[in-house]
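In the two complexes below, chain A is the common chain; its partner is chain B in one and chain C in the other.
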Partner chain A sequence: MITLTADIVRSTNKKLTMPTLTIDNQTITVPEGKTILEAAEALGIVVPHFCYHKDLGAVGSCRMCAVTVHTGPMPGLKMACLIPVEEGMVVTTGDDASATFRERVGEWLMLNHPHDCPVCDEGGECQLQEMTISSGHGIRRYKGDKGTYTNQDLGPYVAQEMNRCIQCYRCARTYKDYCGGRDFGVMGSRNRVFFGRFKDGMLESDFSGNLVDVCPTGVFTDRTFRFKSRSWDLEQADSVCPHCAVGCATIPGGRLRELQRVCSGDNPQVNASFICDRGRFGSGYASHPERPRQARHKDQNISVEDALTLLESQIRTAVQQHGPEAVLLLGSDRASLETNWLLQRTAKHFGCRVPVLNAHARRHQTAQIAAFDFSDRLASLEDVRNSDLVLVFGVDPLAEAPLLALALRQMVRKQGRVLLYDPRPVELPCEFDHQAFSPAGLQELLENGGVEGRHLRDLLGQAQRPVIVAGADLLGPLGLQSLHAWASGASNAERSCQVYPVLAGANSFGTALLSLPEQDDLLTRLESGKVKALICVETDPLLEAPHGERFSAALAQVDNLVVMDYLPTPLSTNAGLFIPTCPPVEDSGTFINNEGRLRRFRQVIKPGLSLARTGAGEHPSREFTLITPGGDPLPAALVLQRLIRQEQELSELHRHLAEDQPRLKELPTITPGAPGKRVKPAVTRPQKTDKLPEQPAGTFQLVVSPARYGSDLFSRFAAKLAPRLTSTRLYLHPDDLFERGLKDGEKAVVETDFGSFRLTVASRPGMAAGCALVENNGDCPQLIPGAGLSYCHIAPGGADE
Partner chain B sequence: MHVVRGIRGTLQPFWVTLRNMFRKPVTVQYPEEKQQLPERYRARLILTRDPDGAERCVACHLCSAACPVDCISMQAVEAEDGRRYAAWFRINFTRCIFCGLCTEACPTLAIQVTADFELAGRDLLKLVYEKEDLLVDHCGTNSNYNFYRQSGIGVSAPRGRNPGEAPPADVKDLMP
Partner chain C sequence: MTSIESQTTSHLLDQQTLAEFIQHAGEIEHPREMIIDVLRAIQSHHGWVPDEGVELTASILGLTPIEVEEIATFYDKIFRRPVGRFVIHLCDSVCCWVRGADEIAAYLKKVLDIEFGQTTADGLFTLLPSCCLGCCGIAPAVMIRQEFFGPLTPEKVDELITSLRKEALA
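What follows is the complex of A and B.
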């Protein structure tokens, strides 16, 4: 496999030479180590190819990219993807020799093709279709039999049709080499080469959906998208995945008012060209059957205009009668940057106190450390991929930031080293050293160090491109501040030790950046009893913040509960006034990801009940109306602008935002689909940090971890992800299990600060002793990750009734 | 010379009229009398069936992609045997310009033109044809063609049993 030039240069510190070559009479200068194919692509010359992929490299197995090299010691027909450029090289792509060769290759790749394009989902975006036509092959001459295969059932996400295979090995290279999956590979010999599992079954890797994107033909297609639409009929736009804070580039596609599929976009700084299955198959939230689409006042459906008039009068009355404290506007880390900023503007407009931008106070506080203290040393995922030493503290990458796990694998493949400190039995698709530290032990390690800490700091000092990955949920403000000291200590004049914080929500960084020091947290303000109207914008503190019982109790003193949301959360059903809004695929806006990168997304589809539901599988209605059924929801940013009667174009809004927030100066220049730019660094903002609570005797440290699927609200409301959901269990170290007299599969009662739960116990040898691990996936919605260190009692739960 | 030409120009039309007065008229008394149209006349579209009686249309969307006036829409679904077919298929004949590009694009010979041009009506909605209005119970032209017998994905015959196909490879066989 060809290693990218940038890496060669960086690792050997050789001086960069730039050979100049001529391709089809056009001259280009490229960095040394680039191949003819890459140079031709830079010139805009299309050389047909299959096995070469930007992020996978080339293997020279398809023989499609033949070009003629006219100079050098061995001129002649060469594979463009394998030959590095040389000074003075002269290449032609359209000459007779190479064109005829490519036509023959096209013909032989089509020998066994089943000619079923009309029923193939790849049709329209199939590289084999394009390359066959571009190679010039048209009429089949071969008279022998076509080879066939038996397909495998690869589970609910990926459909296989092996007869279409052209043996380019892209799938195996993606699944095994790039993503580190182990249950998929190459089988057979000679013309029986087969790509699949040893036997039928769901693909185990959390990145299995990438097979669909990389396969140049229709061998692997999206089963959830089967026969739904043709690529040319889809409404597509550059978007950002809202499931976690990595901010991967995605290209969602919708048709007939339904979000039908999500493909990976390309962002070389963030996700390269891959995304995880949670992002790809977790898109059902937008067309969830229970999604609220109608504005409502006390169980009565009203129009959005009436709702806005009502809301305005409610806010004005509350402010006039009870003062600025009486109205509490609540933002969210799944709402866009624009929405959160408009909330602040709304507060100013009505003269109420500054809004709280995140219901989860501790997560918000931690995100502020990432957004302020770390702002001059934030690593991108590309930096992680190119690092030689990564220290991971308190992160389970596959659950909290799946693409981080892929980035770690790439750096390990380049001889990098990963050291991971976490109480959970973390799995990664690469080799790494895991030390199971309890949360308290981890804080101790970061604060005081000891022998292990000194050793780690030495390693950081010696490494050439060290990166620290900091899990915000588990470490909290205290841990992140300690890591800030570590990173500053390990930096020197030549290179800085970078930090990649792992935050919780798609826009956690953005809300932290916008937050004002005087905003205070949600529960403090609610429990003061002064709040008369609570306006929750795209958030449900019952599901997204700890201490839901305190929130519910405080809600009793609130006269008016106003909710704007697009998910069928419990709070939106209980709201006195409800206004429907749009998820990111139906809205244009900005998120700021973990690395402080502004990521723009563009509206993909317009809101409305999908035809699949209004037509119930039958043809569209024969009654023609101008009203879209279920088309009431408006983007939250637009709702707020109408509320304050200042409607602006998005570009104008961005200009105002950039003027108001100097750190977002670049915002107006960023387009959807572009890699996005970083926010400007800021000065450190002082944070008050609480001391860790003392551990009572006989208790366990409670570790609430997000589950890989079903922890974020988006995937909880995505029906397609149901096969991947796991039920909540209580995981204990085998020694602890034995000590408590419990056995695998028995029930136990866990008494926590957030309520008591009766769960099935399971032993996990890889985890830290003295910890009780519970995965948050909707079974126990009261247990929210990132609530801080707390302790729990565990008692046998008796037999089932 | 002008005088001669003038006289000839005046008399010639009378002569032509006089000559045709005794010929049989070509005008057809439509609608009482119907005219025999050429075989390849392009008018109302139909969805034909394959020789085995199954629907030929696989809802591949090529006709709707080829349609210059966007009058065809459909939704594909999968039958239990893996066959792809149209859940609904709609042609809006108020928009159709009878160009026949859809029939040229159709890879399964499902959509075909007929010579039935009598589509005029007062109710526009009656010209929006659904699948049941379009589907006929014959093969139209090319009565021998069945798409699934040509494409090797194991729908009309088990995998590897269509004409010109080798039986499925045993991928765990390592013999050279």
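What follows is the complex of A and C.
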């Protein structure tokens, strides 16, 4: 007998009953409310189905999951996806009645489906193929013509082939119901039903790519992957999306040394079975044409081994001559936990001072508050989906953590309520209350609160499963600490008020967890003048941290700039010594996401120039050699291990890491593809926070937000995302625009602490007054989000030349 | 999405009806429920609902065009293509069928010289099959401009067509 445990047991008063039923002579006990289909699945019995989907629920429209129920007042043929289990129920799935019924349904679903499997991109992973075969249907009896449709052009990401449609409605339920998209729907009636847009054009939802994953047949396929590979030829592995700090499960697929597509993985605690388009179509960075693949010393190409020998002697000489301060190792929130930890070990090995693990000092500090102060009350996205009240402070979910937006939509669909406080004109795919507070206003609300704050804290106290979403970039250490007080105040003996912090990088939490508090930041250490060699591992402070000009100036005093990276950043190009490393898809490692969840990823492809490039469209070269072109890059963790001459298996490394960091005790037990476990809670550490600067007269509060596409470096180097990029504008509230005598579309000069920029102004009624909003992307790389509250002057910028 | 305020005139609706719809949409909780009313108003003013009609409805009700199109394409009494002046909805449900609807269909096609879904060359008649019209008592029946005619025989069809032709000339 098998027992399926309840994944969510939330009702406190009502006791959950566990009915026992028999399916095909096997007994199983499942929680009340589960369906026959779920119980059968738990027994390993496959009941064919199309319209039922784990995260979309059951609608009973495809009629494929028929089984026979032998007990109860109404025995007979039932749809397994709709019937809740009952005590003593007896079900058969293979009896003549249900088997024949399913065969007929299979036959009927195939009436209009074309036999184009040999040229269909879904071939090899087609649920219709599998279910038709499992239904037993084989001989076509219907002599009529098949229906045909005219396809629509749905843009560069999703290809449509409507003739293959079997009307299961999964696409509409995903796009409209789950993701909240409003430009896709179902038209017509009966056998003319058509799933598409009102007119041709790119699907507007930031989650449009999920159509590809949910369509059980080849109606919606990944256009960027069309005709590239058969699914069975792909190298695939369980991975983690590196684009933001949510840490969604992904399954990238590569072939011929090219990362060709990314599919959604399944993590019930994080992304369920959906991902955003930034993660799905933003994979081009791995095969970027300018990706540096060769170790280089000044202008000379050298081997990685020689580079390592050189680096070792450089470090030893610097430490010997100038002391432990002379070598500064810099980690990164896009580098794996292993790499960052090995940096600390490397420092110890050579006797240098502890590394700085994040060039962006303020982001690092806020991440530390998340990783320490909040560690006993961190919410998962599943907690957000099941919450009844979410207060969001300083987050634009679609830009900073897209799957959070989807989680909020799911809780709103379950009658939950979202209140959002942010200076930006935030959009969400669900109903929510938005109060446009300026950054300073937000800090005041969180610190003193006043009437509004008291009201919000009351709401939190009354809610059954409250969650606070805290934007680290906008709120900074001060705001996060205020929210910590809010969360403690709203918790009681029965339940805790949880917090979902929104951090910046895939491994922000990990780097914060590894770091010591009260550590000097990168600029302080560089500007001390003591640093002779700077070793940047998978980071470019010019693009990933504010005050680029101070960094550049300090760099002039450094004798040796060493860069290890896989992106063609300016720093990679200017490094004195460069060692090529591997992005997460070419490496195995761990990220820790927003909620402190250890997420393992496994190597998908090996580094190397893709055959598409070495062959230049023709048959690749017929020279036979063991050397892979462009195959020099090594995972950064391996580079560091070779540098300190301690190469270890990953499992061995994890054991040492877990010993060194007791909070990571679970690390050795986590496998790729598994939901992953939380890090152990920590004690709160004292944090010093800076006072907010006073606002000079006539200035605006500067709000730098990541753009939805092109802010994280991965998507900036992903060509496929180009159609979604927007150009940088200076957004102002219409009243401010009017007051300054500016008009939509005119140029203005904005003077900030980070430089002066001439931008086109645009009016945004939904944003906070008194703020100047600029989005960070490839157009405007100098303004980095999360730099703290600062002010700017705005003056008319004159006409274009 | 066009904002509700931006639309004040349209060749698809008279100005007063448009203003009333806009006002009413602002007063009710779910303007979505007015989709059919607006589409029908456009249809009676313009004869059928062109793409701009769907977009106009969407902008009045604060919806996206596809949200209107889903409804517009579901109902066979909303015309998304031009139709003749008289649309003949011939019932093809069971009562009419047992009382000879097939023969009436064949006769209508012969005298009008069109198939189902087509419009006569003079633009007068469009012939459409319809699900049950709810007037089984006068089967076989047709509906023209919300008016029912039946029980039909070839002679009665001739009469009907002649009188409609006469009306068109008047």
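Just so we're on the same page, the second predicted complex is superposed on the first by the 786 of 801 C-alpha atoms of A that agree within 3 Å, B and C clash if a C-alpha of one lies under 4 Å from a C-alpha of the other, contacts with A are read in each partner's own complex, and residues count from 1 in each chain.
Just so we're on the same page, contacts are C-beta pairs under 8 Å (C-beta built on N, C-alpha and C of every residue); 3 or more make two chains touch, one makes a residue touch a chain.
What you are looking at is a predicted structure, and each value in this text was computed from that prediction instead of being measured.
By the touch criterion defined above, A:561 reaches neither chain B nor chain C. Contact with both chain B and chain C is seen for A:189 once the two complexes are overlaid on the shared chain. Contacts of A:123 after superposition: chain B is touched, whereas chain C is not reached.
Touch criterion met: A:146 reaches chain B, while chain C stays clear of it. Legend: residue contacts after superposition of the two complexes on their common chain; A:161 is shown touching chain B, with no touch to chain C. With both structures placed on the common chain, the touch criterion links A:232 to chain B but leaves chain C unconnected. Once the two complexes are laid over each other on the shared chain, residue contacts for A:762 go to neither chain B nor chain C.
When both complexes are overlaid on chain A, the residue A:615 reaches chain B alone and has no touch with chain C.
Taking chain B and chain C in turn and counting the residues of chain A each one touches, the greater count comes from B. In the superposition on chain A, A:197 makes contact with chain C only, while chain B stays out of contact range.
Shared contact residues of chain A with chain B and chain C: 187-189, 194.
Of all residues in chain C, only 51, 54, 63-67, 69-70, 73-74, 76 touch chain A in the complex they form. By the touch criterion given at the top, residues 114-119, 123, 145-151, 161, 163, 187-194, 196, 226-230, 232-233, 256, 611, 615, 617-620, 622 of chain A touch chain B in their complex.
On the chain A side of its complex with chain C, the touching residues are 182-189, 194, 197-199. Chain B makes touch with chain A in their complex at residues 58-62, 64-65, 73, 75-78, 84, 87-90, 107-108, 125, 128, 130-131, 147, 150-154, 159-160, 164-174, 176.
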